[in-house]
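Chain lettering (A, B, C, D and E) follows the sequence in which the chains are written, and residue indices restart at 1 in each chain.
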Amino acid sequence: MQLTPKVKEILSWYESDNPGTKANLARILMQGKLGGTGRVVILPVDQGFEHGPARSFAPNPAGYDPRYMFELALEAGLNAYAAPLGMIEAAAASYAGCIPTILKVNSSNSLSTTKDQAVTATVQDALRLGCSAIGFTIYPGSEYQFEMMEELRELAAEAKAVGLAVVVWSYPRGPMLDKVGETALDICAYAAHMAALIGAHIIKVKPPTAAISLDAAKKTYEKSPVADDAAARFRHVVDACFGGRRLVVFSGGEAKGTEDILKEVRAIHAGGGNGSIMGRNAFQRPRAEAVNLLNAIIDIYKAPVG
Amino acid sequence: MQLTPKVKEILSWYESDNPGTKANLARILMQGKLGGTGRVVILPVDQGFEHGPARSFAPNPAGYDPRYMFELALEAGLNAYAAPLGMIEAAAASYAGCIPTILKVNSSNSLSTTKDQAVTATVQDALRLGCSAIGFTIYPGSEYQFEMMEELRELAAEAKAVGLAVVVWSYPRGPMLDKVGETALDICAYAAHMAALIGAHIIKVKPPTAAISLDAAKKTYEKSPVADDAAARFRHVVDACFGGRRLVVFSGGEAKGTEDILKEVRAIHAGGGNGSIMGRNAFQRPRAEAVNLLNAIIDIYKAPVG
Amino acid sequence: MQLTPKVKEILSWYESDNPGTKANLARILMQGKLGGTGRVVILPVDQGFEHGPARSFAPNPAGYDPRYMFELALEAGLNAYAAPLGMIEAAAASYAGCIPTILKVNSSNSLSTTKDQAVTATVQDALRLGCSAIGFTIYPGSEYQFEMMEELRELAAEAKAVGLAVVVWSYPRGPMLDKVGETALDICAYAAHMAALIGAHIIKVKPPTAAISLDAAKKTYEKSPVADDAAARFRHVVDACFGGRRLVVFSGGEAKGTEDILKEVRAIHAGGGNGSIMGRNAFQRPRAEAVNLLNAIIDIYKAPVG
Amino acid sequence: MQLTPKVKEILSWYESDNPGTKANLARILMQGKLGGTGRVVILPVDQGFEHGPARSFAPNPAGYDPRYMFELALEAGLNAYAAPLGMIEAAAASYAGCIPTILKVNSSNSLSTTKDQAVTATVQDALRLGCSAIGFTIYPGSEYQFEMMEELRELAAEAKAVGLAVVVWSYPRGPMLDKVGETALDICAYAAHMAALIGAHIIKVKPPTAAISLDAAKKTYEKSPVADDAAARFRHVVDACFGGRRLVVFSGGEAKGTEDILKEVRAIHAGGGNGSIMGRNAFQRPRAEAVNLLNAIIDIYKAPVG
Amino acid sequence: MQLTPKVKEILSWYESDNPGTKANLARILMQGKLGGTGRVVILPVDQGFEHGPARSFAPNPAGYDPRYMFELALEAGLNAYAAPLGMIEAAAASYAGCIPTILKVNSSNSLSTTKDQAVTATVQDALRLGCSAIGFTIYPGSEYQFEMMEELRELAAEAKAVGLAVVVWSYPRGPMLDKVGETALDICAYAAHMAALIGAHIIKVKPPTAAISLDAAKKTYEKSPVADDAAARFRHVVDACFGGRRLVVFSGGEAKGTEDILKEVRAIHAGGGNGSIMGRNAFQRPRAEAVNLLNAIIDIYKAPVG
């Protein structure tokens, strides 16, 4: 497989990584309908852990079967599929070599009263299951944030040493942040920057709103304002990741209408985001409908930036 | 020993496991009167730890002697026997090769005021004692749930690497759950799903009631209701385990009348559950009576699904 | 040395242990005046840690010198001597090969406000000092009970792997237990049973009173009452240890009169207990008096059971 | 490269270190415009972690790109560049061999409500990235101070064993210190001394004020007063580091005016401090202005001491 | 070097230690003006950590330089010098082979609000720096006492295995002890005994007062009273260390007048204590005065006991 110039350029950003990790990043970047464009759409399925099986899969019960997710990601032409240990174990042999997988190695759940997660899989698991990357969630701002960051450091170091890539979900929460704060522009950019500093290859954050949450940051944003449109906000978050020299993808969040999704994707695209990670909006729709939506998203990302 | 097509099919669900683990799952599935059917009845004896020796064994004092449990499981034609370290150590050599054993590697007790457990045995113990699996209890929802899940991850990874199977008791409890919540349908399904996601081969949960506990889940169950009969609820829990592609067994709970037990077993059978794990209802009865009850249960599981 | 049939029978209970551990159990069982009878009297000297040196040794200042304890145990013809690291280090070479030693590997003290202990010695220490066993105290019911049990699991696994025996002091205490509860019959039996389940070879508990502490256990003891005499209570505790297939010894507790001690020993003997572990009642008496008392105890244990 | 007599003298202070560590100290001391003088100016860029990306880089957006920092440090002729993992990874290969790097291995952030840090990189990372030193922050006085010191001990021992140098940021804070206390003279000297005692090669503290914070220290400072000028205070802190036999550098703190900075640098120079570590005051200015400022600072340090 | 009979006798107390550890004890016992007498005077310099540099060294600023301490100990003819990592690192090569060093491996400081310490050096550090022993402080009675004892167990086991000696500072404090209690006779003896039980070779405690602190101990001291003079109290503490078969040294505490110091030393000498560990009273005096005082102390210890 010949890498495209765009993918070669992206790999050049990761100049300290070994060829194994670069190869796994290349596998993700060259896969599917967006292969070679530098944009990605990833299917994450950890909602069963986060919200429970019925809330996740009852709307489209085919999704109870882990094989369905591989089929959906393949049919839609996505770049990668991310899930916790059991989901990957249940179908990794059947789909070995078909699509890059990201082993989600920590998980929270809706029965928890603390803002922490359990580490539920290992780098060794990722290797034996043929995954291209590990995925890890941090909650910057949580009373457990330092422990989570230290777990990430350990797993990321181990992953990089064996040639895996590291995908970090950076979701701020905790005593200093109210609901608005969790997706405020300064906080999203901060969360993305911290993930980059800890050494993430691919950074996943939520779409930022126009709010500024930290008092200490307000003066800065008054002096150096970010334009009040979604694309500018996405651009600001991308800039916060080493001036755009890290892959940054955005989640879709709760299930919503098709038009809202496409509008958001257009803004990510315009703002220089590297793509979307789309779970419930994909697997909770009937399969054909999901494939149509994902292809519409892919078409946006394929277009040259306006 | 030739595996039956049913057992071969079940082993195919565990496509990421090594031949050692598959062999141990096969040993459990091919043992006893249900051998080859894909259904199992397991004798668990950790009640001495959980409730104390007198509450567990005084009703049938023969049970104080660990050899009794092996004899009972063998005579009744069960699939496996699960117990803590000391119980297995005390008789494992005498019954080596007679029946698969599951080493229960963590335990709580009635003197505890916290919802945690101690890890009281190791994978190395399971190996030296010739066990086929380790057993581990998690309390999803407990303030210790993440620590317990991380202990499970570590022990499960170690067990799988050396060809053992992993049986997970998933018993929700903790600040978000009242007594009703602990066995509510959504919670049982969620607990079973989490055990599957962490990589359990065999999942043990309590029989679900019709209650729905989490507010966030109620809308889902209104939109996608589960029929109000026990078999449908068992089916829902089984579905929550990768669409039925994991072995799911149900406990009997407190000692109760024979007819209630058989009624519940019929519903598990009809709902596609893989069997029962039956402790106090077995070993607290006089031996002949216990064997009769267990055989009645086995007969139900042997029958083709209505 | 030829083992007696009684000792051979006892060793047969430990069918999962390696020959090294069996040899060390045999050394303890074949030592001294009770050698070969299946009964043991052990001298424990950890009171300096628990209560301080003056409270322990001022009544008989010869005891400040660790060599005194070896001399006393040898002269009285006891089976073993148990002490913390420093006490063993201070005389183990002088008395190498003279009497089996038990290295007490954890310790509390009277300055502590928590119901925990420090692990103050290792299995490696036991090996280099020529000990036959490690000794470990758990406090079932304490808010630290799970940590203590996990420490025990780790040390016991290590000890068994290198051919040492494991002696567990099981002393219930904690938020659910008042002073009466700590020595209640149900609690003593429960504590002994848990020690057996965690894999102890020799279990040490306090003499039980007639009280029943846990509400949940009262119904059981009403249905299956234990006769109201001390021998029956000792028998109940012994039964709780795998139907009498583990060595169970009882402590004497605080210093008391000779006749009270002998009465208690007669009940242990009649109830099938395997012996006594006697510290302050031995080393706080003048040496000749202590030897006389210990020999009177030994004589009781030597007699055939009434 | 021939070392200057001054650098040889400084290396002689580190008489217990291996040649690898001495070579890395020499690399830092011989680099840039101050090479060989025994004075250093270091560029630290961990403010993105500590304060967020916009507050750090929006004033001079070129700084979002990690390559900018290497360029700035090189152009200004500094001795070393210090940053967290991701920043170093993003450009270490491009600038390999150009300037010594210090891998900042722990980090806090503005979303934290506790006075702790996460360890976010390892000695192995420093080696694979070609760094000359690791950097670690301790908060003496914090409720996490002992854990931080123990992390430092572990990382420092590991670093020294593989020939890296150890730079310690010692920033007092915690329940016994108010804002004034954090930079009081006694506290700064104490913080520097503790870093020296734990084995730091290069010690970084904040400029001390004239305040004395600890009551217990006041008598001492009354008896042995420190002259009320900045140079004397810097001299006192340097003395507290083994009588001036450790490298001590001072931070500039918040962005401020050029004249204030140069005045402080003159006092450090006069007081025998080994130099400055200057972040925001450097990279938040436009590049040419920053280079001018840094060169003015370098000129001060180059001058013979008045 | 021929050992004296007295030193040979002392080494015989440590019958479980390997020749390496005995050799290091011999080095300390044979060093300096008291060499061979079985008495020792040790210079400890960890006050910079405990109280800060100015409070420790401003009274005699020569002490800021770590070389001064070696010079002082050598000139005064002491047995050993004890200090934290940085102090030893800064001069160990210059004074290699001149005087035995004790690496103080844990430290507290005056900014701490908890009764804990940080472990700030390792056994490996002691080996690479040519030390004869490690030094460790425990706070019996502190809410961290069990953790500290476990750290000590680990470091002591490691030290003994590589032939180092173990010096334990045992300073009681914590919720059960007021200021009077911390130096009460029963508590000092208890603290010394615990250090002996954990396996210390040399035990350092504070001089005991006549107070008895623990209610539970009062009866004992009424029955077996300790004579009301300082020598008898020192004798009691020495007895509590295995009947005098461990080396016990006493600290001088806060700086005080020469006559008070000498009076205390005479009592230690008369009570059979093995010597003094004298820090501030030594290094805060001008050098000549300090040497005079130390020699006066040495002369007392050299004299035959009364």
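Everything below uses one rule, namely that a contact is a pair of C-beta atoms (placed from the backbone, for glycine too) under 8 Å apart; a residue touches a chain by one contact, two chains touch by 3 or more.
Each chain and its UniProt protein: A, B, C, D, E = fructose-bisphosphate aldolase.
All values derive from a computational prediction rather than experimental measurement.
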item	value
Chain E and chain B - chains in contact with each	C
Size of the rotation, in steps of 5 degrees, that lays the CA trace of chain A over chain D	70
Copies chain E and chain C - interface residue numbers shared by over half, same or different	different
Centre-of-Cα separation between chain E and chain A, whole angstrom	58
Distance between chain centroids, defined by C-alpha means - chain D, chain E (Å)	36
Residues of chain E touching at least two other chains	none
Complete ring sequence of chains beginning with chain C, oriented so that chain E follows	C, E, D, A, B
Residues of chain C touching chain E in the complex	48-49, 51-55, 58-59, 61, 64-66, 84-94, 107, 109-114, 116-122, 124-125, 128-129
Footprint of chain C on chain E - complex, ascending	13-17, 140-141, 143, 145-147, 149-150, 153, 157, 172, 174-177, 186-187, 189-190, 193-194, 196-200, 214, 216-217, 220-221, 223-224, 236, 239-240, 242-246
